[in-house]
Amino acid sequence: MDPARLERLLKDVAAGRADVAQALDRLRRLPFEDVDFAVVDHHRLLRTGVPEVIYGESKTVEQIVAIARRIVEAGGPLLATRLDDAKAAALVEAVDGAVHYPLARIVYRKKPGRARPPRGLVAVITAGTSDIPVAEEAAIALELMGERVERFFDVGVAGLHRLLDKLPRLHKARACVVAAGMEGALASIVGGLVACPVVALPTSVGYGASFAGLAALLGMLTSCTPGVVVVNIDNGFGAGVAAGLINRRGER
Amino acid sequence: MDPARLERLLKDVAAGRADVAQALDRLRRLPFEDVDFAVVDHHRLLRTGVPEVIYGESKTVEQIVAIARRIVEAGGPLLATRLDDAKAAALVEAVDGAVHYPLARIVYRKKPGRARPPRGLVAVITAGTSDIPVAEEAAIALELMGERVERFFDVGVAGLHRLLDKLPRLHKARACVVAAGMEGALASIVGGLVACPVVALPTSVGYGASFAGLAALLGMLTSCTPGVVVVNIDNGFGAGVAAGLINRRGER
Amino acid sequence: MDPARLERLLKDVAAGRADVAQALDRLRRLPFEDVDFAVVDHHRLLRTGVPEVIYGESKTVEQIVAIARRIVEAGGPLLATRLDDAKAAALVEAVDGAVHYPLARIVYRKKPGRARPPRGLVAVITAGTSDIPVAEEAAIALELMGERVERFFDVGVAGLHRLLDKLPRLHKARACVVAAGMEGALASIVGGLVACPVVALPTSVGYGASFAGLAALLGMLTSCTPGVVVVNIDNGFGAGVAAGLINRRGER
Amino acid sequence: MDPARLERLLKDVAAGRADVAQALDRLRRLPFEDVDFAVVDHHRLLRTGVPEVIYGESKTVEQIVAIARRIVEAGGPLLATRLDDAKAAALVEAVDGAVHYPLARIVYRKKPGRARPPRGLVAVITAGTSDIPVAEEAAIALELMGERVERFFDVGVAGLHRLLDKLPRLHKARACVVAAGMEGALASIVGGLVACPVVALPTSVGYGASFAGLAALLGMLTSCTPGVVVVNIDNGFGAGVAAGLINRRGER
Amino acid sequence: MDPARLERLLKDVAAGRADVAQALDRLRRLPFEDVDFAVVDHHRLLRTGVPEVIYGESKTVEQIVAIARRIVEAGGPLLATRLDDAKAAALVEAVDGAVHYPLARIVYRKKPGRARPPRGLVAVITAGTSDIPVAEEAAIALELMGERVERFFDVGVAGLHRLLDKLPRLHKARACVVAAGMEGALASIVGGLVACPVVALPTSVGYGASFAGLAALLGMLTSCTPGVVVVNIDNGFGAGVAAGLINRRGER
Amino acid sequence: MDPARLERLLKDVAAGRADVAQALDRLRRLPFEDVDFAVVDHHRLLRTGVPEVIYGESKTVEQIVAIARRIVEAGGPLLATRLDDAKAAALVEAVDGAVHYPLARIVYRKKPGRARPPRGLVAVITAGTSDIPVAEEAAIALELMGERVERFFDVGVAGLHRLLDKLPRLHKARACVVAAGMEGALASIVGGLVACPVVALPTSVGYGASFAGLAALLGMLTSCTPGVVVVNIDNGFGAGVAAGLINRRGER
Amino acid sequence: MDPARLERLLKDVAAGRADVAQALDRLRRLPFEDVDFAVVDHHRLLRTGVPEVIYGESKTVEQIVAIARRIVEAGGPLLATRLDDAKAAALVEAVDGAVHYPLARIVYRKKPGRARPPRGLVAVITAGTSDIPVAEEAAIALELMGERVERFFDVGVAGLHRLLDKLPRLHKARACVVAAGMEGALASIVGGLVACPVVALPTSVGYGASFAGLAALLGMLTSCTPGVVVVNIDNGFGAGVAAGLINRRGER
Amino acid sequence: MDPARLERLLKDVAAGRADVAQALDRLRRLPFEDVDFAVVDHHRLLRTGVPEVIYGESKTVEQIVAIARRIVEAGGPLLATRLDDAKAAALVEAVDGAVHYPLARIVYRKKPGRARPPRGLVAVITAGTSDIPVAEEAAIALELMGERVERFFDVGVAGLHRLLDKLPRLHKARACVVAAGMEGALASIVGGLVACPVVALPTSVGYGASFAGLAALLGMLTSCTPGVVVVNIDNGFGAGVAAGLINRRGER
């Protein structure tokens, strides 16, 4: 709550410049405006281009379209995840400029115009070809936020030289997202080679003892490399937003 | 690998300014200096004050003291975790200026002098009193890195108003560490109220279905709030370093 | 067993008012009438409108219809859960007045007439849109019991202000059902804000480390807020009945 | 927020009865007083005798004593759980009238005087002798709240007739707490025999596939009997408070 | 190995009644005939009518039919489990007298003629209607072995009086199979009421925290009632054979 | 309930041979005598020598001694498990003739006299030396029941020939108990070699992926050999009683 | 890094036989050529016929075909796993000589010509018919490597004599792959009978407590037989390559 | 069974050179000699120096000493694991030349003399200092087998350059044991850099989500690098024996 605004309001009332009814109305909303510090945060994020995500799995096509329309009307970038083909088709039909990315099961629409010039670089890295869909969810979330993204795909630990070859470019990144399934060792390796924070993104790629991503998740959580942080299995969106927020730390 | 240095060396050889034996010796080490991009990173971290951590649990007291001496001689800040009283006493005896923090089971020594002026603020938050030891591990790691830390302890979700009361100060932080056991809900709440990245730090505080921190870990991983990233259960050191690296993104 | 009734019976036998065969027949049934305290309880529940639930998943359509008919003939309210479209259609066809709610995969029929005037209020709350089907199972179970229900949907912890906005109305409830998937933190938050018992209802909404509702379940079980009790994942019916029974505690 | 109070305050300012500084000070605190709806709830609970619990396991003896003193000075009933003998002795020494119950590892002190006449009856039931310590934690929490408690110990399913023998008295209860380890079947049985809500309290009694209470927990969560709700393993305090709150539903 | 047979053989060789080649041939097979104690056991089982089971899930229809033909030609009773409709149809077509039981997903054929007069009684009990398919797998396996079976379906713990009503008949059984999903409490209850061994058969009926039968399995394993033994989730065949073997203990 | 007894009683009342008060008293107890079918079972077990087991782990030494005295006074055999040395010493001191078996952590006392001549043979088999304590719990339970037991220790699958060597004697058993930790394969092997039911008894012997007996438990549950049934990890008592009950099937 | 090559290069530079630019170019690549020891290893493997595997599950048909073409053009043997029928058909169409093995869900193509004469023998063993598809993946991988393979299918522990019958041939193998689902005991048994290393290959065959191969995996990991090593559930390819590499140890 | 021996024996009987009693005696033992193929294998292993391991955890000191004496008298090398200090002291006292290695909790004694000249090299690698005790168990087992071992300790993935530095020497190994806790990534990395089989040895070093070695175990099982095989957590002995057997493949 902004004491200056409050004082101004009370002085207006004391001086008769504002009547009691007006002041009462404004004060009624104050507590929520106060808690609205949170809301303001959301608005601020929105203004700077953090996409509102729609988790499509357990929603009906009607719910998804309705929420998407509200977001787009509010001028925000749009990202809907875990859409089957029918839901995606309906959403593309309903929202002008929406793009369907079937492999990643997402639909997105960039916000027209550009909120801010990109600054710094976020590297999005995958261990294998199969991790690309989840990594793309992260990369697109970052791009919708206005970040500059460079993709390094299929550089897993079985071919370590492929990764070492990329080191000079990786060193330019201010944040890394590392998507890997199976044993998820790539996050530790990258974390040991770069100086920036690494957002480890376990994927459900694998079988047997990978237990749908559990092996990669545990491996990333127990990484010996400090500076590695982890998000949920297959949570490309979360990894992208976290990396984007990290990248913005240095801005005014 | 630095092409300029290589070119210079080869020119010296071509010009007779360096003999083959000398050059051979230097080149022998080059690949490792090249891979030393990684090492250089470590050195850079070291220079800027990231403490080398000694995980004390499965090491002998002799090993711990030996490693600690090597770190201290190299001029770095020291942090040793999971020390029983005997190991801690031996370490305090062996290293001048080492401080024992029994509740957190750590011993640390700040690097004499100051590497860099603190910039930005990192908030270290706990849900309850019982989470303080783990949170202190994070806070001290941050302080050893030279970061400015503010502690917000015992502001868990059962007394939500205590947390809301702290909002204005929390909004000043450029990164948050949120330590919580039991259901770990505080990380989601904080993530929804601030705009900076939140490093969620699950603790093993709890019993029964908390399964030694598993409930908090899963809760934090599945947080609905984007921008929340997670480290291993009770990994205060890792949370601190990650938050410190995030805080530094904006520096030159 | 009612000693007065026994004594009366024995006196009748002693006085010749009842013959041995009659008395024998009545006494034969007595143990079961005694254990029938349980049965009577069920009957009492039935009379006051607790719906008999049919768990449809592993039953054939013939079994479901047969059980439903028996319930309806006995005059009870009907609730069948986990029905695919074919089973639901067959049930709606077989039972007059049965309503199909596809999203929640249930079919129900209110008992004609009204057993009792509603008293108190039960709040049914969800964290997100995706939790609504499970929450509706609870809400409809409550309505079939004759309770008064108010729905508060999509007020999850990411938008805490939305929940705080509802506080005055929430405070009127005598019991709350809180349905949430993912990390399930909402139950703790609500439990900290209201004075009545909170029935936490974990849902299987989520992916990855939510492990089909396990994360929400563990989070709710380890809630720091006393007064929070938990039911099985996606068990909307059980949550509704428990909240209804709690609401009735104050009646005569 | 109470509009009447706000209007009165503003009128006072407008009329010059209150100056701006005074009004500013009061308004500053208003949002928190508003969120204090929660706090007020806590106060209300406190007034009516819900004990503040101190979870002793990961706290130092100094922290425990300090918190206990604050609670006692505030006039509340005291309950500290999971205390080893040293912590318990220190607490008993520090707090007049504190009682140590070693088997249950708790220390408690009843609030002098009586907040309210007991109403209704809460039954606290155990399957075996080994479940008594956890059940006592529930029973004492209830007694500290001022509830009337009746204990039914060692009536597990292996000797079903022992339980049936207690039915007439069980039917008088307005809420039941059922503590059981191993397979935890007793909660289902009791739930099928009584009409009131049953708070199932899994205990960690058992070995092997009981997995420290997991078997009992899962069994209770998947109970076929509606009206059974569950708390965390060994959470006697939580079960007691929940049962107490349920018992109070009928009061004014 | 039968010494008498060996001695006879050697004496024949010594006396010239058997030549070396013949004796060699017989002795070559002796070790396997010796280990064939196992084989003989199988043959004995076969003779007494234990059906050879074909686990159909991961076999091709050709494999299933080929194995079935071999069994039938050898004169044994046939039981094939976990068959989808296509496999079942092919098997029914291929084997005269084979019967398809779609709900239990099995095909079986009784051995023509009767191996032995039934003796004793095996009770097959289910908690609910949904457990019947698995229980039928057990009952049919028992009938194929020539045992006398009595079915007690849908007598779960929610309606305890239904079970108590069956006690006199249950007491006649020499072995019980108790099939139950969800919390699986029925096995403990039955075990406490009868004097014969109880084969507990957990089923995968349930959802959420039943974790596909895990809750029932753990509950049955941790049963407080001695004399309860457990088989794998949904392993009706195994439960039936075990109960049959138990029932035969008393025979000559 | 015995109709003949009831009829006799009623005729006595009708004829004045019994007064109403007497009859009332007897009838009051009748329902429990009826449910006492269960109790009678227990009594029957007791008469035939099934020991009442005292699970010592979570009981105080006073509770253990008190229960033991009650059992011994009732004339039953005594078995107390999971006793630390202090509890065992107290029990041996309190009960004449009680024997302490420290390795198995049990105290037992045979019932003076002999209830019944042993019949059949129960084989108790272990995979390794480390499984002996748990196996002895089973063997002693069997002996207390009056069964004849033969021990086959340390015949695990790594030395298969040791087991095959024992086959002729194993074939004489009417029931087998197979105790094994680690992978627990021995139960499957034995089950394939004998014709009688095999009670598989997983032990917690092992480390790492044996997860305190879980590997053995799962291996035994998923045994391909029909006729194998399983009890809880380390539940020697339960395995012994089950094998004893199986052995008795053939008796009158 | 090869010092001789380096020295030669530097001498060329010193002598003017190589100019600085050329030398710089060669030295730039040296570190990666050095790390290329790894690459060279892969090449060596490739030359000797280790197939490059394509994990088909999470790749598109286009990706699979493109990778397969690259491998075939490079002259390597081809193995693609976890292909549904559509992917397999496309691959067979795209690659000359590719063979589809539907049961094992693989497509493979032998390398034309023969890299090396087979040496030693690798035994591939299954417990049951259902384990054959996974075992074939191992056997075909071995054959693509040029190894000699002998298959021993359906020799599980329930029919131990079948396995013992094969012992003389098994003793000729220099490495064994043992594929088994359910309890996976066969690996221990084989390990106790042969002297060569045993690669245990758990399969997901089974149901209930086999938890999709977990029981077999744990059983194999906790095998008491030294010399048994384990690969991931259903990882036929990995088991085959490991056995092939073991078989080659003795070659020059 | 050796037909030639059998034929000879029978001819001797036929010719009167052997009497029936003698022949009978020899034939009695034949089946076991046949199964003794296994035993012979064990003997062969023993002769070549595979140590018999004594798992000390659940054995008494008397049992351990007795078994050790039997092994030593048979002339074998001795290895006893998981010994507390008391057991180790007793063993060292009882067996001449036994050496206690407290950190690894083992006691061993080399076989006097040398069975065979070492051939090839086995590399034993650890990620960290804390993994050394388990790795030493493997290294000592290898040395007791007569293998040549080279240790590479503390070369984990956080300092990748340390490992790359060792590559030339690693490439000389014919088998590798890689011991790592936490995320266990080192096994994958080594597997991608060498051409020989890698025995991955997960250790229980770590905390939180390492779940006592589970994270490392799952990571190693799901390694993308073919040729990596896994043993149980902390099973240094098993890893050593497996690597030794692999190393011997090439011998005559």
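Here are some notes:
To keep things simple, chains are lettered A, B, C, D, E, F, G and H as they appear, and every chain counts its residues starting from 1.
To be clear about the criterion, a contact is a pair of C-beta atoms (placed from the backbone, for glycine too) under 8 Å apart; a residue touches a chain by one contact, two chains touch by 3 or more.
Quick caveat, the model's predicted, so the values are computed rather than measured.
Shared contact partners of chain B and chain C comprise A, D. Counting only chains that touch, the fewest steps needed to get from chain E to chain F is 1. Taking the mean of the C-alpha atoms as each chain's centre, chain B and chain G sit 40 Å apart. Residue positions 31, 35, 38, 128, 159-160, 164, 192-193, 208-210, 217, 221-222, 232-233 of chain D each touch two or more of the other chains.
Here the chains touching each other pair up as A-B, A-C, A-D, A-G, A-H, B-C, B-D, B-G, B-H, C-D, C-E, C-F, D-E, D-F, E-F, E-G, E-H, F-G, F-H, G-H. Taken together, the chain H residues at the contact with chain E in this complex read 1, 3, 6-7, 10-11, 13-14, 16, 19-20, 23-24, 27-28, 30-31, 34-35.
In the complex of the two chains, the chain G residues touching chain E come out as 103, 128-130, 133, 159-161, 164-165, 205, 207-210.
Put simply, chain G touches chain A in their complex at residues 31-32, 35-36, 38-39, 42, 55, 57-60, 63, 67, 82, 202, 204, 212-213, 217, 232-235. Partner chain G is touched in their complex by these residues of chain H: 35, 37-38, 41, 44-45, 50, 53, 120, 164, 167-168, 171, 174-175, 192-197, 199, 217, 221-222, 226-233, 237-238, 241-242, 245-251. Residues of chain D that touch chain E in their complex: 127-128, 156-160, 182-185, 188-189, 191-193, 206, 208-211, 214-225.
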